[in-house]
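Below is one structure, written out as structure tokens; comments come after it.
Per-chain residue numbering starts at 1, and chain names A, B, C and D are given in the order in which the chains are listed.
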Amino acid sequence: MRAVPEAPMLQGLFSGFAAQLGLSLREYQQSQTVIAITVAPHHLNQAGNLHGGVIASIADTAMGMSGTWHSDPAQWRLALTLSLNINYMASTPPDTEVRAVARTRGGGAKIFMASCDLLDADDRLLASAEGVFKRGRLRNDRR
Amino acid sequence: MRAVPEAPMLQGLFSGFAAQLGLSLREYQQSQTVIAITVAPHHLNQAGNLHGGVIASIADTAMGMSGTWHSDPAQWRLALTLSLNINYMASTPPDTEVRAVARTRGGGAKIFMASCDLLDADDRLLASAEGVFKRGRLRNDRR
Amino acid sequence: MRAVPEAPMLQGLFSGFAAQLGLSLREYQQSQTVIAITVAPHHLNQAGNLHGGVIASIADTAMGMSGTWHSDPAQWRLALTLSLNINYMASTPPDTEVRAVARTRGGGAKIFMASCDLLDADDRLLASAEGVFKRGRLRNDRR
Amino acid sequence: MRAVPEAPMLQGLFSGFAAQLGLSLREYQQSQTVIAITVAPHHLNQAGNLHGGVIASIADTAMGMSGTWHSDPAQWRLALTLSLNINYMASTPPDTEVRAVARTRGGGAKIFMASCDLLDADDRLLASAEGVFKRGRLRNDRR
């Protein structure tokens, strides 16, 4: 079963770059965050496959969200990426549905580490990522 | 002085994702590759700054191009990213002009390593990146 | 149950730096490679905890071995590291028994990607690592 | 010209693992930190070249020191590594003198980012590294 928070809470979770990419939140829980994307023409590199930068963007977003999750959505925070590492295992053709499955692995009150697997619909591993992030201001604190 | 190859050779260098991002090639030489982007609303994260995934995308593109440069444009190849690492030093607000300055650092016939600095117009370091890439097929080999 | 190859096959697996570190092979199978070390005074940093370089060394060794495993020990190969990334979650005090649990995640005939978790005796995550490696010559090919 | 602090200030800079490795401080300034090592039998991997873990250890140490330098040695701090990435360009045979040249690239009061080139006596690039670190307690605060 997949748990997605109520719609109003999710409004604005993906704006700007994440919205243009077409990210879709599939799961947002303490244990893991899952973000999906279907590979479209505007995601491709010159070889006709998914651009590595899109993989990096989904992984960055999913890991950042995973470490700023809270049981109370009013306590959701923004994440600042300090370091991001991605290893690419396989080329990803158009129309693939890619899922980024991110988990928080450790850290303290301000800094956290997360990892992320990028999978296709057959659970083939396309890429793996890990990163170090900083918890920033509350999402609701509009300045 | 900045050297940019003749326009016909550059056609199609940025398609798909790179075109949508709005990447602009400023320099493409053996010594270094420079790609620029001006931070627009569709590049932003939830904090209102440049999304880390955009930084990763520019760095990935610039480093991949740097290691597949050739004095004869007919010999330009596509690059496959094996590993990408980015460290983020500073938040980048809207309207910033970001330059990715990439250089090939080593490797052999098939595999190469590159590094990249991401700078603003005042040469402030926004992020640094390094990656491992594989030289793929010739760009002109349309399959 | 832990499977360790017969003693004669293991002779010389850890020489030079790995031998000086005091690495101990706990498991060497297709599914995973486990290397252990007990933190001694010569492993410490200035803060009195396990030096990050030791963590990197164990992770590098375990991941390299994981991707060059073969059911026939005569086919074991050496691994060349192309890229190594480590995230550090927790300080590790003296006398801790550290286990590096490495798995191959993907790749092709020559290049492979692996990941590794560094755990203490209570399965607390001390660090995570991922890397890109190249399969080299057979271990038995003494030049 | 190379500036090395007075001998009494350097006492204890390399203890434990760094001392066993045989690290030698060549330069310690605001602009850069240089640490050298001559490749000995106890630094080798199974292929008879410098173990990747030694490269990681020198880079980690040099980058950590670079970001905790202070004009007043009483203000030198210990560094905690959060993330470390190394790309390996070339095999390093025995007897090579390896220099790690580290520079701080950015960050704030607590967190800093550094990069490091690993070079041989002919300035051939053996490896490059970058990392994220946290400034810890003063070196002189013996607990």
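Quick notes
As a working rule, contacts are C-beta pairs under 8 Å (C-beta built on N, C-alpha and C of every residue); 3 or more make two chains touch, one makes a residue touch a chain.
Please read these numbers as outputs of a predicted model, since none were measured by experiment.
Ranking B-C and B-D by contacting C-beta pairs places B-D first. Ranked by distance of CA centroids from chain C, the top chain is B.
Residue contact pairs shared with A-D exceed half only for one pair among C-D, B-C or A-B, and that pair is B-C. Mean C-alpha positions place chain A and chain B at a centre distance of 22 Å. Centre-to-centre separation of chain B and chain D, using mean CA positions: 29 Å. With centres defined as mean CA coordinates, chain C is found 34 Å away from chain B. Touching of two or more other chains is recorded for residues 82-83, 85, 87, 113, 131-132 of chain C. Residue ranges on chain A touching chain D, taken from their complex, read 82-83, 85, 111, 113, 132, 134.
Interface of chain B with chain A (complex): residues 12-13, 15-18, 20-21, 41-47, 51-54, 56-58, 60-61, 78, 80-88, 91, 136-137, 139.
The touching residues of chain B, counted against chain D in their complex, run 83, 85, 87, 89-90, 105-107, 113, 115, 125, 128, 130-132.
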